[in-house]
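In what follows, structures are represented as structure tokens.
Presented sequentially are two complexes of subunit A, the first with subunit B as partner and the second with subunit C.
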Partner chain A sequence: MNTLRELLASLHGRSRVLLALLLLGLLVVPWFLNAYLLTLAIMILYLAYTGQAWNVMMGFCGQLSLGHALFVGLGAYTAAALLFHFQIQPWAGLWVAIGVCVLAAAIVGALAFRFGISGVYFALLTIAFAEFTRIGFENFQWVGATGGLFLKVGQREHIDLLNLRGPPIMFYYVILALAAFAFVFSGWLLRSRVGYYWQAIRENEDAAQALGINTFLWKMAAITVSAAMTGVAGVFYAFYYNNLFPDQVFHISSSIEIILAPIIGGLGSLFGPIFGAAVITVLGEGITNLVGALGFDIPGVKQVFYGVALMIVILFLPDGIWPPLARRLKLGPRSGR
Partner chain B sequence: MTLLSVESVSKSFRGLRAVADASFDVEEGGIVALIGPNGAGKTTIFNVVAGVYAPDSGSIRLGSERVDGLRPHQVCAAGIGRTFQVVKPFAGLTVLDNVIVGALKREPRVEHARRDALGILERIGLAARWDQPAASLTLPDRKRLEVARALATRPRLLLLDEVMAGMRPTECDRMVEVFQALNRDGLTILLIEHVMRAVMALAQRVVVLNHGQIIANGTPAEVVRDPAVLECYLGEEAEV
Partner chain C sequence: MSASLVVNVLVSGVLTGLVYGLMALGLSVIFGVVRVVNFAHGEMMAVAMYAAVWLFTSAHVDPIVAIVPVAIAFFVLGYALQASLINPMITRPEHSQFILLVAIATIISNLLLMEFGPNALSVQTSYQLDSYEIGPLLFDKARVFAGIAAVVCSAMLFAFFRFARTGKAIRACADNYLGARVVGLQVKRLYALTFGLGAACVAAAGCMMVLLVDVTPVVGPSYTLLAFVIVIVGGLGSMGGALLGGVLIGVSEALAGLLFDPAMKSMFSFALLILVLLFRPQGLLGRKT
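Then we have the complex of A and B:
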């Protein structure tokens, strides 16, 4: 509660009101959406959440992961397999999933940070881990290998939160809660000691060390926290879609999808990933529908849009869309973060 | 009492001896300047003391504690703060946040660290720019920020690597006053400096380095008269 108050206190009055209105709107809006738009809203919040998780590592601490699908996949498969084989309920499986993701992150981090692998080479390492895990799962018969792992869809009528079974609107509120939690949690992290240390490491690692920061330790903290958060998204993914294929969850395109929202919205900013998720999903879907309505059938038009959007943002708005927009609208934290 | 003791330290890079068998002490509460021509090994000595490199041989003590071979963050924890010759500000953070990062070493609570940091900015003359991004500072102000950040870690010994370079004489004199005041409060300082005006005003002892070897070690007045120092570094004009 204290944290929340501090976070709110750091915002301008206007942003506080707008944030409250946004939350209120998000609480009410699903009742007015049709099935398609509800799916879209869930997609936006999912990308906002995973973007927030990835942003902890890259936006705050400056460690570029291009393999975050690894953690989505491990989280998803762990929780799904526990239910499938041992009838362990998702809320219990969640903690195992988090544990598995933290362990995987610790291995990647220890290998990379111990030997001073950074920048592009670190990014390549994260891709490599995601890719060989994908290949491993494609041959992992216990979870269905390439054939996929399917959860019983069960009932879709009444809400069974305990077993994560229910209509899409339940999943909407679950992912909304996750996204809201990630927003507050990231804000708290950024304003606490660890946030200062992460930003120092991002800005200049040598100087950070000279100021007494054990950069190895704090980079390990960044990757494990980010992985734990991303693993939770994986659990959500598993129970929302009910089917898992290594070629989808671990695929590099799924890693790319995670990083689009924070990059387009604004790296290192708190609201950037949320804003970015809304922008890319709405525009991406809009363009796909438009092209379809015009009678063309172009597969991959959304990916082309992602690429173009990324190029435009990197060329003209290297800080992302949100920070300059927030300044223009006189919103956002007072410190300018 | 000796605070920093450098004993027979050598460091080579791929066969090039950057520092050869260097020994000198810094007294508790003293100010010692390390001078010498470019490439003499001054910054290498700093980096060895600060833990960036481990020495090939020799030992370094802070008080009674061996600090050679420690990692930079451990050296900082032991009580040695440093600035970088090529400034390394956290460019995306504000001036205050830069200093808070340092202050968190001794004050883990952010609001306490913030108070500490503001006090240091006041002292160093950067308080007016506290909310500017560090990237927007002029070079002299960036040098001040380096000092403020290092001070925030509450070092017993402060290593200053050419912080006066590029400052106008008036700015330089103001910095000298700041360091004198800090020294009066008990801070021990080891500085690398080319600005002789600052060296003469600050240093109680001067260590002269050439080709990795210490060729003179004495009071400023002694050193500027030393023929070997004049020949390799200061030249004739310093005799005036």
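Then we have the complex of A and C:
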């Protein structure tokens, strides 16, 4: 509660009111949405959550990962396989999934940071690990290989939170809780001792090391925390979609999807990933509907528009959409970013 | 498994690897000079492959001959791309550049999808099923032609950077940006030239590649990843390294296909990449930065 108060205290009065309104709106809004819009809302919150998780590593600590699909996939496959083969319930499987992701992150991090791999090389190494794992899973018969792993849908009528089985609205509240948790947790991290170490490493690693910060240790902390958070998203993914294909969860386009929201929204800020997720999803769906309404619904058209929109944002808004918008509206934290 | 089979597979791996190497050379030259990782490299490769298929089906131009017009067109397009979109981004952080190039890649691959549809296209030349016989060994004609063309193109690029004034100027930009500005080089123009040259390399490699494989609009990312693997194994920014890496990956793919499951072939490439990154991060022929 203390951290929440601190987090709130750092915001302007107007932002506090807006934040409260946003939360209230998110709590009541699903009851007014049809099935399609509810799916979109879940998508937005999911991307906001994964974006927040990725942001811990890149936005706070400056380590560019382009292979976060690795952790989504490992988390999803671990929890799903435990249920599928051993009937282990998702809430128990979750901890195993987190453990697997932390272990994988520790391996990637230890190898990369010990050998001083950074920048572009680190980014490419993360892609390499994700791709390596994807091809491995495509040949991993125990979890269905390329044929995919399917969970029994069971019932969809009443809410069974214990087994993560129920109507979409239950998943909405689960992912909302996760996103809210990630928001508060990130806010706390950013203001904690670790957060300042990370920001020091992000700004100037050599200087941080010269000041006595154990950069290896804290970079390891960043990648493992980020991986653990992303792994939870993977568990959600597995039980929400009920089917897993290596070519989808581990694919590089899945990694790109994760990083678009925070970059488009605004790197390193707390609202950025949430705002970016909303913009990306609404933009993508808006383009789909627009193209459909205008009658030239050839495969590919919508992605072309999407690419153009992405290009315009990145060319003209180098810091993402949220920071300049927050400045214009006089919102956001009182000091710093 | 007979010795001649192994030699056949090795030779075809080397020949394919030379084409891979030429493709990766484009990426390496661009990164070595402009310091931008071209995440749209595979998509550019796909465009070149479609261009070669289109020239073949509409005008019966042999893909080897098509190298010349396609490479020239790509040089112009690459120059324009660097001058218009990438030059303003060179001082921006890596993740911004990444998003820009991912956006470009998305646009390219979906324009291809709209224009050519999702089906695989290929060319049927008269010599594609022929082969040269030397004793018990058999070499595909198409693969031999592609390999020779890749060597010729690479040699021309090496010669340009070694002997031409402009080539030396580009190398100067890569070695010392500030120094290059001080002696009066127009760095932005040279960057655009470099991107044009890199694009021309991909174009040539794409034309050769249609002799060996089919093309679909979604091949882009796999070629992008392949090019990354090759340049990192060889050494990002090292031209000889790109060719060496290409040959290594070509041979490892061919051997993996022979000894294990062909579906696992790229896993070997990625394993090789991870090993190189860990024990020689600058690549086999790269210099320490």
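Throughout what follows, the second predicted complex is superposed on the first by the 326 of 337 C-alpha atoms of A that agree within 3 Å, B and C clash if a C-alpha of one lies under 4 Å from a C-alpha of the other, contacts with A are read in each partner's own complex, and residues count from 1 in each chain.
We adopt the following convention: contacts are C-beta pairs under 8 Å (C-beta built on N, C-alpha and C of every residue); 3 or more make two chains touch, one makes a residue touch a chain.
On a predicted model such as this, the values are computed, not experimentally measured, just so you know.
Undergrad: Pick one for A:D206: touches subunit B only (first), subunit C only (second), both, or neither.
TA: First partner only, subunit B.
Undergrad: Check whether A:N214 is in contact with subunit B, with subunit C, with both or with neither, and answer first, second, both or neither.
TA: Touch partner of A:N214: subunit B, not subunit C.
Undergrad: Applying the touch criterion given at the start, work out whether A:L290 contacts subunit B, subunit C, both or neither, answering first, second, both or neither.
TA: Touch status of A:L290: no partner.
Undergrad: With both structures superposed, pick whichever of subunit B and subunit C touches the larger number of subunit A residues.
TA: Tallying touched residues of subunit A, the top partner is C.
Undergrad: For A:Y196, select first, second, both or neither according to whether it touches subunit B, subunit C, the two together, or no partner.
TA: Only subunit B is touched by A:Y196; subunit C is not.
Undergrad: Touching A:A123 in the superposition: subunit B (first), subunit C (second), both, neither?
TA: Once the two structures are laid over each other on A, A:A123 reaches subunit C alone.
Undergrad: Report, in rising order, the residues of subunit A that make contact with subunit B in one complex and with subunit C in the other.
TA: Shared contact residues on subunit A: none.
Undergrad: For the complex, which residues does subunit C have touching subunit A?
TA: Touch residues, subunit C against subunit A: 31, 37, 85, 88-89, 92, 94-96, 98-100, 102-107, 109-114, 118, 217, 221, 225, 228-229, 232, 236, 261, 263-264, 266-267, 270-271, 273-274, 277-279, 281.
Undergrad: Considering the complex alone, what residue numbers of subunit A touch subunit B?
TA: On the subunit A side, the touching residues are 191-193, 196-197, 199-200, 202-204, 206-215, 268, 335-336.
Undergrad: Provide the residue numbers of subunit B that touch subunit A in the complex, in ascending order.
TA: Touching subunit A: residues 50, 52, 71-73, 76-77, 81-82, 84, 88-94, 97, 100-102, 104-105, 108-110, 113, 131, 133, 149-150, 152-153 of subunit B.
Undergrad: Taking the complex as given, what residues does subunit A use to touch subunit C?
TA: Residues in contact with subunit C: 58, 64, 66, 111-112, 115-117, 119-121, 123-125, 127-129, 131-132, 135-136, 138-139, 252-253, 256, 259-260, 263-264, 267, 298-301, 303-304, 306-308, 310-311, 314-315, 318.
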